[in-house]
Structure formats: structure tokens, C-alpha cells
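Note that chain A is present in both complexes that follow, paired respectively with chain B and with chain C.
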Partner chain A sequence: MEGGYRQRLVKFFTFLGGVYFVFEFLMPQAILKSWGIAERHEAISLGFVAIGLVAFGLGIINLFMIHGSKIVFRRKGWLNSIALLTGLLMMVTFSAYDWRLDLRHEINSRDAVVVAEFARDIVMVNADAERRASVPPLPVRLQFLAESAEKLRATTAEAFTNEAVAAQTRANRDVAVAVTNISESLNVLQESVQRLNAADNDEARLAAAQAISANASSLAFLKKQYGRAVTADSYGKRVYSFLFNALFVSLGSAMFSLLGVYIAAAAYRAFRIRTVESSLMMLAALIVMLGQIPFGRWLYSELPEIRAWLLEVPNAAATRAIGFGALVASLVLAFRMWFSIESDKFSGDK
Partner chain B sequence: MTPDSWQLATILVGGVATIAIYSFLIKENSLYRFFEHLFIGIAAGYGPVYAIRTNLWPRILEPMLGLDIMHFPDGTVSHSYNPLLMLYLVPMLFGMLYYFIYSRRFSWLAKLVIGFSLGASAGLTFKGFFAEIIPQIVTSFRPLVVFEGENLLGMESFSNTVFIVTLLSVMYYFFFSFRVSGKVDKGISFTGRWLMMTCFGAYFGSTVMARMALLVERLEFLIIDWWGALGGIINSTVA
Partner chain C sequence: MLGGVEHATPGIALILAIVLYCVIHYIRKARAGKEIYVRRVPGIDAIDEAVGRTAELGRPLSFSTGLSDVGPVLYACLGVLFYVARKAAQYKSKLFVPQYSPEAMAIVEDTVRDSYRSAGKSSNFDPQSIVFLSSDQFAFASGYMGLVHREKVASTFLFGTFYGEALVLAEAGQQVGAMQIAACINPEQVPFFICTCDYTLIGEELFASSAYLSREPVQLGSLAGQDRAKLLFMIFIIVGVGIATFNSIFPASAIPNIEYYVFDGQWMIDGLKAVFGGQS
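Presenting the complex of A and B:
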């Protein structure tokens, strides 16, 4: 009895999961707008994403359970399991470290981002009569903008002219480039502030505010670039780059290119079967492969065009036809899943 | 370690890792299995942090905690806090039910969220089916004879005819997969099969070229970067 109740509950939740997207598609836009669903659709969809995102730990827990037990009981391949778990822990640690560094660069450039967004907000709010009523008058806001932009320029200039930065500049070429760019960006920002202070009408003032927004955005980007250049030599960043480039990229590329060799070997066996179908397949494959390399053009100059036609016309049409079949099948499967017809075992208690 | 020695280590280890994977071409061996496990570990470690960094934090947690709100110098804010964002806690807590899969007693709770996710993916498939298939059907109806003013565009007409014939014959072969007996049925079915094989050949060619591009890049790395670095070390040791 208890099992039946749980089974019904699982089926109900399965049905509930699909209701939103089906009705969001079937309902007319006018009704969705009047119910406020249209404007919240992205947030609701993100809610569905959030369900899956919190499950990221499942994979890690599973790996630890399987390979942890192999290591503890010294089962066959336990050394490989040590490699797997060590790689996992190191990558989690140093990816998190890299993220922390990025967050620090964002915090350090926050003052420039605030000025950029403030300037942008002034221009946007000024064009919106409804929002204009809820903020201070334009001259007051522009005065604040001029002061904050000038303060940003002065504090940044002071921060980048001390001895520590000079030493970093001497030691690292990327830091030197970033500092030079920042110094140039500060000069441009100063010019924009002067233009704002000297402007005698609102149109000119708003144009200057727009320029300040662009200058401050660029300054924020350069400050982040400086932060990255300074921390590029840190131990954690080096280890992260090593793990990423020496192992993640190298092993990934090698694995995928290895499959190329096996595909070619399998194709050789398939092409040896002398039928019309296999000959057609080989001919199409040859045209596509030769049409992509200079040797093919050397053999026959029109080959790249024939390849493009083959991909765009018969291949696109056949892909579309196969796609229609696959989509109809996926729709049937989706309905079976939605109404819990697909698997009674899944919705069962065991 | 100096920056140069880090770079050298990256090249040397990258080369050893590549050779270890290619050693599988001779036969499966312990070096290959070691690096295969290492790759799985590193990829599994990179994925979750990347998902949190690019999705969970900036799209959900940061707005929910109000950390994306900017306080402007004039006392205004970039946007006001929306308390409804706290509702994200509901799907997140619901998603936590996944972890009950490890409990013997409460594993049925995980089935609720698995079922819900399956239902959501079914709903998305339903929506995606119509959003994807209808525009494709509409654009598939191409004119068989194309004119530009008074002139007949031969190549375009030929291409459109080939497109329609391919589409219909492959669909015929795909949908009516029962035994065909009539001459016309057989003819259409054969044409469909041949055109489908042409399509698979084109796919095959594209896939092989993509993989070969990776292979060439790896071989280039091994011959130029790795061998160069190794040669440098050997020379300096001998000298």
C-alpha cells in the first residue's frame, strides 16, 4: 500500500515537471502576459536549471565511493584510482583557487564598474520619464558623476604610481603593458570629466556621461587585466595552468584524435564490402575529405565547390529527413516519459 | 620553479600524456589506463567548479543574495532587490533530494526529483519538437523551377529538385520501413537508402577530418614542441 502511494507520488511529480513547458508553449502569448508568466519565463526556466545544478556533487560522491573502496581494499587498479582521485581533488582545489583570483580582480575593479554603470544609468533614466521621477534631478546626478569619476581617476593614478607597482612593472612585461594601458585610459577619463564640467547644455553633458561610461568600463577591464598579469606567476595559478594545459587539454585532444584512427580503420572494413551503398558512402566521404584540403584542390580545382554542394543540398536534405524521423520518435518517447508509461520499474518502489 | 621551468614541465608532461594515450594503438596497457584515469579525474574536477562559476553563482546565488546590486554615488541603486528571488531556494532544496539516492530507506525521495527532471525534459522535448520541426518543414518546400525575372536559374532548380527528392525518398525509407513489394515502392526506397548512404559518407568525411585536425595538432606538438624541449634538455645535460 505504501509502495503504491510512493509510486503514484513519483508519477505525479513526473507529470508536474512537464506541465509548465507544455502549457507555456500551448497558451497564447496574451494570456501568458496577463498572468505575468511571459516576463518571468527566464527566471522560471532558471529554477529548473537550479534543480540540476545542485546535483553536481552526485558524480563526485560516486567517484569517491567506487575508487575510494578500490584504494581501501587494494582491489585491482587501485593505483589508477589514486591517480583519478588525486587529479580530481587537485583540479577542484586549483579551479576554485583560479575562480577566487578572478573574484578578487572583479572586486578590485568594482569602483570603475560602479562609475561606468552610474553614467549609463544617468543616460538611460533621463530618457525614461517614469523612472526620472524617482531619482535626483539630472544636474545633481551629473555633479555626483563628475566627482566620482574624478575620485576614481585620482585613486587609481595614486595606486598605480607607487614603488610596488613600479617593481612589478620592471619584472613582468604583461604587467608593464597593463600599467601603460591604465595610465592612458586615465588620461582619456580625465578628458571626459573635463568635457562634462565644461559642457553648457544637457545634450553635451549626457554625451560626456556616455563617454565616461565607456572610459570607466575600459578602465575596469584593464584593472582586471593588470590583476591577472600580477597573479599569473603565483604558484596556484601556475599549477592550475599546468593541470589544464599539460593534462586536461593534452589528454582530451589525444583521446579524440585516437578515435579518428579507429573510425578510419572501421571505415576500411566497411568499404571493403562491395555494394552500391558502400561505394556511394566512400565516394561522398572522399569528396568531403579531399575538398577540405589543398591536395584536393590541386587534383581538381572545383572539388571544394562540389564538397560544399554535397553538404548543403543532398546531405542537408537527408539529415533533415532523418531528423524528422528522430524528432517524431523523441516526441513519442517524451509523452511516454511524461505520463510515466515508459518504465514502471523506474516509478516502482525498488 | 621559474615561469620557464613551468612551461617546460607543461610541454614535457603534455607530450608524455599524449604518447601514453597513443600507446593504446599498440595494445591496452597500464600507462594508458593510468593517464585515462587521470583524465577522468581532472575532467570530473573541472566540471563542477565550472558549473558553479559560470551558472550557479552569477545567475542564481549572486542575484539571490543581492550581491549584483550597485550602490551609486547619488544614493540610488542599479536595481532594487527582488525578494521573489528567494524562491530559487525551493528548486535548490528540491534538487537536494537527489542525494537521498544513497539512503536505503529514503531513496524513493530521489525518485521524485528524478521523475520531475524527466518530466521537465519531456515538456521541453514537446516544445522543442514544434519549435524545431515546423520552421524546417516550411523551409523544405522549395520551388522546383526557379526563375529570376525571365531567366531560368538552372543550378538552383537542379539543387532544389535534388533536395526535395532526397528529403521525400529518405523520409519514405525511414518511415515506411516495412517490406516493400511494388516497383515504385522499391525504387523510392532504394533511392532513399542510397541518398542516406551518401549523407552518411559526407558525415563520415567531416568527422574524420575533424579528428584528423586534432591528430595533426597533437603530432605537431609532439614533433616540434615536445621533441624540441626534450632535445634541449638532452643537449644541456650532455654539454
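Presenting the complex of A and C:
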């Protein structure tokens, strides 16, 4: 009885999970907007992705169980398991370290982001009569924006004119470039603030606010760039770069390059002309390959056109036929999954 | 246009309803005892031979769902996995199921456990045979290659979604002399499997394989339903080609083509207005 209850619960949640997406697909956009679903769709989709990501824990547990037991009981290949788990732990540790550094740069540039967003919001709210009524008057907000932008400029200028920054600038060329860019950006921000204070009509003030938004965004980006330049040479960052760029990416590329060898080996086996079909396949492959290179055009000037026809007409027709069959079958299976129309093999004997 | 539709038009909703009706209708018919014919597929017939071979050689077999995530393709593979795992349990052959997606892994593990249970060999099920390799495409491929070489598998099943790693996986089996059966819905990877594997199921044959093996009414009915749905699409294509040809010969005619009825909802709104006197 418990099994039946659990099964019904699983079927209910499967149906519920599907209902939202079917509803979102079938309903006209106007209805979705009026019900407020359109603007929340991305967040809801992300929620589903987040649930799926929880399963990553299962993968990690599986790795530890399989390779951990191999190491403990010294089974065949236990040294490989040590290498795998060490690699996993190192990658997790240094990725977390790298993430923390990026988070710190994010926090350090947060003040500039807030000013940029505030300035942008002032311009956007001013264009919307309904929202304008629920916020303080425009002069008050512009005055506050000018003060905030000036404060941002002053604190940033102070932070970047001390001896520690000067020493970093002398030691690292990237840091020096970042500090110079920040200094130039602060000058531009100051000009925008002055323009805002000196403006005598709302149009000019809003234009100045828009300029402040752009300047503050650029300042936020430059502050992050400075942070990255300062920490680029740190031990943790170098280890992370080594693990990711020198090992992970290179090993992936090595695996991919194996394909070249394997394609040649597989082609040799497949292209032995034994039947009419393999002769046709060989002929088509020869035309396509020769049509791709200048030598083919030199042999016969129409070869590239024949190659294009082969790819665009018979090949495309066959590909679409396979695609159609697979898509219809996927659709039907998706329906069955949604309604939990399962065969007895999967549900009846549980 | 396919794959680029974010919201349904009345035409698409109508087609979905027809497809759903076909499937439900044929599942009911199959459940009522109607005989549904499925043509022979040599690749599926060879599954028994591939599993039997592992028992004869005393070597393991592997079943990979490739880069399939939770979705219809994985679901289609599970039927075959259930069958293969049950046969492996009966023959006491060691089965490896290397995994790419942690989400799919939980479902795959459950399916293999159920198949061992249905064969009456629950105690022989080893959860560690469901191996999570990596969620990175080529790290998964290298892990799979290592597994196939170390364990000297006698048969491999490559069922599911495959991309650039397809040939790497299939060549690994070829190198150890394994009998290989592949089923792939990605047309661009099918030639690689044809070159390397003993049998290859193309596109929708993957979805039919589970019904073919189990002969269950739900799956057979679903298969018959989707065939009727495909018939509808074939009619659309023929009519569409006919109208396009006619329009190109007589440009003044400008008859709206199938595309207009499927992707533009205005015709249905106009039709409803005509029927209900503009009150729709």
C-alpha cells in the first residue's frame, strides 16, 4: 500500500512539474503578461534548474563511494582512484578560492553599481507616469544622486591614492593600467556630476544622470579589473589557472584531437568497397571532400556546386527525415512521461 | 522554424491535440488486445546475442546512455537498459553503466535495480556498477575509454544522445574487440556509429526498441500512435510542397501555405469570428 501511495505522489509531482511548462507554452503571451507569469518565467525556470543541480551531490557521493572503497580495500587501480579524488578535491578547493576572490571584487565594486543603477532608475521612472507618482520628486532624487556620485568619486579617489596602491602600481603593469583607467574614469564622473549640478532644466539633468549611470558602470568594471590584476599573481590563483588551463583544458583538447586519428581508422574500415551502398558512400564522400578544396575545383570547375547539391538536397532530406521521426517520438514520450502513462514493466511490479 | 517556437499558436495547439489523441487512442486499442505489428529491426534482434556473448566469454558488458539528460531520450533508453540488465542478471554477467549526468544516474540506478529484482537476482545487483564519470564531455569520454580497456568488455551498448565524443566511445569498444550496438538520435553522429559498431539504430528506432523488446500494450500503442502522427506530418509536407509549387507556377494565386496555418493564429480567430458573428 505504501508503494502505491509513493507511486501516486511521484506521478502527481511529475504532472505538476509539466503543467507549468505546458501552460506557459500554450497560453497567449498577453494572458501570461496580465497574470504576471511572463516576467517571473525566468526565475521559475531557474528554480527547476536549481532542483536539478541538487543531483550533483549524488554524483560526488557516487565518486567517493566507488573510488573510496577502491582505495580502502586496495582494489585494482587504487592509485588511479587516489589521483582522481585528489584532483577532485584540489579542483573544488581552488575553484572555491577563485570564486571567493571574484566575490570580493564584486563587493568592492558594489558602491559604483548601486550609483549606476540608481541613476538609471531615475531616468526610467521619470518616463513612467505611474511609477513617478510613488517616488520622491525628481529634484530631490537628482540631488541625492549628485551627492552619492560625488561621495563615490571621493572615496574611490582616496582609496586609490595611498602608498600601498602606488607600490602595487610600480610592481605590476596590469595594476598600473587599471589604476590609470580608474583615475580617468573618476575625472569623467566628476565632469558628469558638475554637469548635473549646473543644468538648468530637467532634460539636461536627466541627460547628466544617464551619463553618471554609464560612468559609474564603467567604474564598477574597472574596480573589478583592478582587483583581478592585484590577485592575478596570488598563489591560489596561479594554482587554479594551472589546474584549469594547463591540465583540464589541455587534456580535453588531447581527447578531442584523438578524434582525428579515430576518424581515419573508422573511415578506412567503412570505406572498403564491398557493396553498392558502400561504393555510393565512398563516391559521395570523395566528391564532398574534393569539392571542399581548391584541388577539386582545378580538377573539375563544377565540383563545388555538386558538393553543395549533395549536402543541401539528398543529405538535408535524409537528416530532416531522421530529425522528424526522432522529434515526433520525443514528443510522444514526453506526453507519456507527463501523464505517467507507463508500461507495466516500470510500474506494475514495484 | 522548428525549435524556434517559444509559444504555441492555435495551429500548433491543434496539432499537439491530434498527436495526443492518436497516442491515447492506440494505447487504448493495444490495451484492448489489438495486435500491433512492429517490423523487425536487426539491431534490436542482436541484443540477445550481444548479452549472450558476454556470458560465453566471461567478460563484462557496458551500457552507456551517452550525454542524455533526464528527458524523453533517456526514458526511451531505460526500456532497453531494463531488458539488457535483466538478461545480464540472468546470465550472471557483470554490467557497467557509466554515467554523465548525476540526475539521470539516480533514475538509471533504480531501473537496473528493478531489472535485477524482476530477474530474481536482487542480491547480485552492485550499485557500484553504475559509475558516475564526469559531467564534462571529454572527461566522460576518457573515463569511458579507460573503463572499456581496463575491464575488457565483451559487448557495449551506446544508446542515447551523443555528440563529438561518439567516435571516441565507439572506437574504444572496437579496440577491445567488443560487439557494439548503438542507437543515436543525432543524425551527424550516426555515420560514426555505422563505421564503428556492429549494429546501429537510427533516430526513431531508438524509441521503438523498447516497445519491440517488451511487446507491452502501452509501448506498442504509443509507437502506433506516433506513426499515425508522422503520417499527418507527411501529408502536411506533401500538401505544402504542392501549394508552394502551384504558387511558384501561378504567382498571382498566392494561396496561403501550411506554414501560415501552423504558425499564424489569425486564421482561427477570423474563422471563429465568422462562425460566432464577430463575438469571439
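The rule is simple: the second predicted complex is superposed on the first by the 256 of 350 C-alpha atoms of A that agree within 3 Å, B and C clash if a C-alpha of one lies under 4 Å from a C-alpha of the other, contacts with A are read in each partner's own complex, and residues count from 1 in each chain.
Note that a contact is a pair of C-beta atoms (placed from the backbone, for glycine too) under 8 Å apart; a residue touches a chain by one contact, two chains touch by 3 or more.
Computed from a prediction, not measured in an experiment: that's the story for all the values here.
In the superposed model, A:90 makes contact with chain B only, not with chain C.
In the overlay built on the shared chain, the residue A:341 is in contact with chain C alone; chain B does not reach it.
Taking chain A as the reference, the larger set of touched residues comes from B, when chain B and chain C are compared. Once the two complexes are laid over each other on the shared chain, residue contacts for A:287 go to chain B alone; chain C is not touched.
Once the two complexes are laid over each other on the shared chain, residue contacts for A:269 go to chain C alone; chain B is not touched. Legend: residue contacts after superposition of the two complexes on their common chain; A:250 is shown touching chain B, with no touch to chain C. Of the two partner chains placed by superposition, only chain B is touched by A:260; chain C is not.
Judged by the touch definition given at the top, the superposed model places A:29 against chain C, while chain B stays out of reach. In the overlay built on the shared chain, the residue A:137 is in contact with neither chain B nor chain C.
In the overlay built on the shared chain, the residue A:56 is in contact with chain B and with chain C. Residues 25, 52, 55-60, 63, 77, 80, 248, 251-252, 255-256, 258-259, 263, 267, 318-319, 321-325, 327, 330-331, 333-335, 337, 346, 349 of chain A are contacted both by chain B in one complex and by chain C in the other.
Interface of chain B with chain A (complex): residues 1, 3, 6, 9-11, 13-15, 17-18, 21-22, 24-25, 33-53, 55-56, 59-60, 70-76, 78, 84-85, 87-88, 90-92, 94-96, 98-99, 101-102, 108, 111-127, 129-133, 136-137, 140, 159, 162-164, 166-168, 170-171, 174-175, 192-212, 214-215, 217-218, 221. By the touch rule above, chain C contacts chain A in their complex via residues 2, 6-8, 13, 16, 19-20, 23, 27, 70-73, 75-76, 78-79, 82, 99, 101-103, 105-106, 111, 114, 117-118, 127-128, 130-132, 135-139, 141-142, 146, 150, 164-165, 167-168, 170-171, 174, 185, 187-188, 190, 192, 194-196, 202-204, 206-208, 210, 214, 216-219, 222, 225-226, 229-230, 233.
Residues of chain A touching chain C in their complex: 25-29, 52, 55-60, 62-63, 65-66, 69, 76-77, 80, 248, 251-252, 255-256, 258-259, 262-263, 265-267, 269-270, 318-319, 321-337, 341-346, 349-350.
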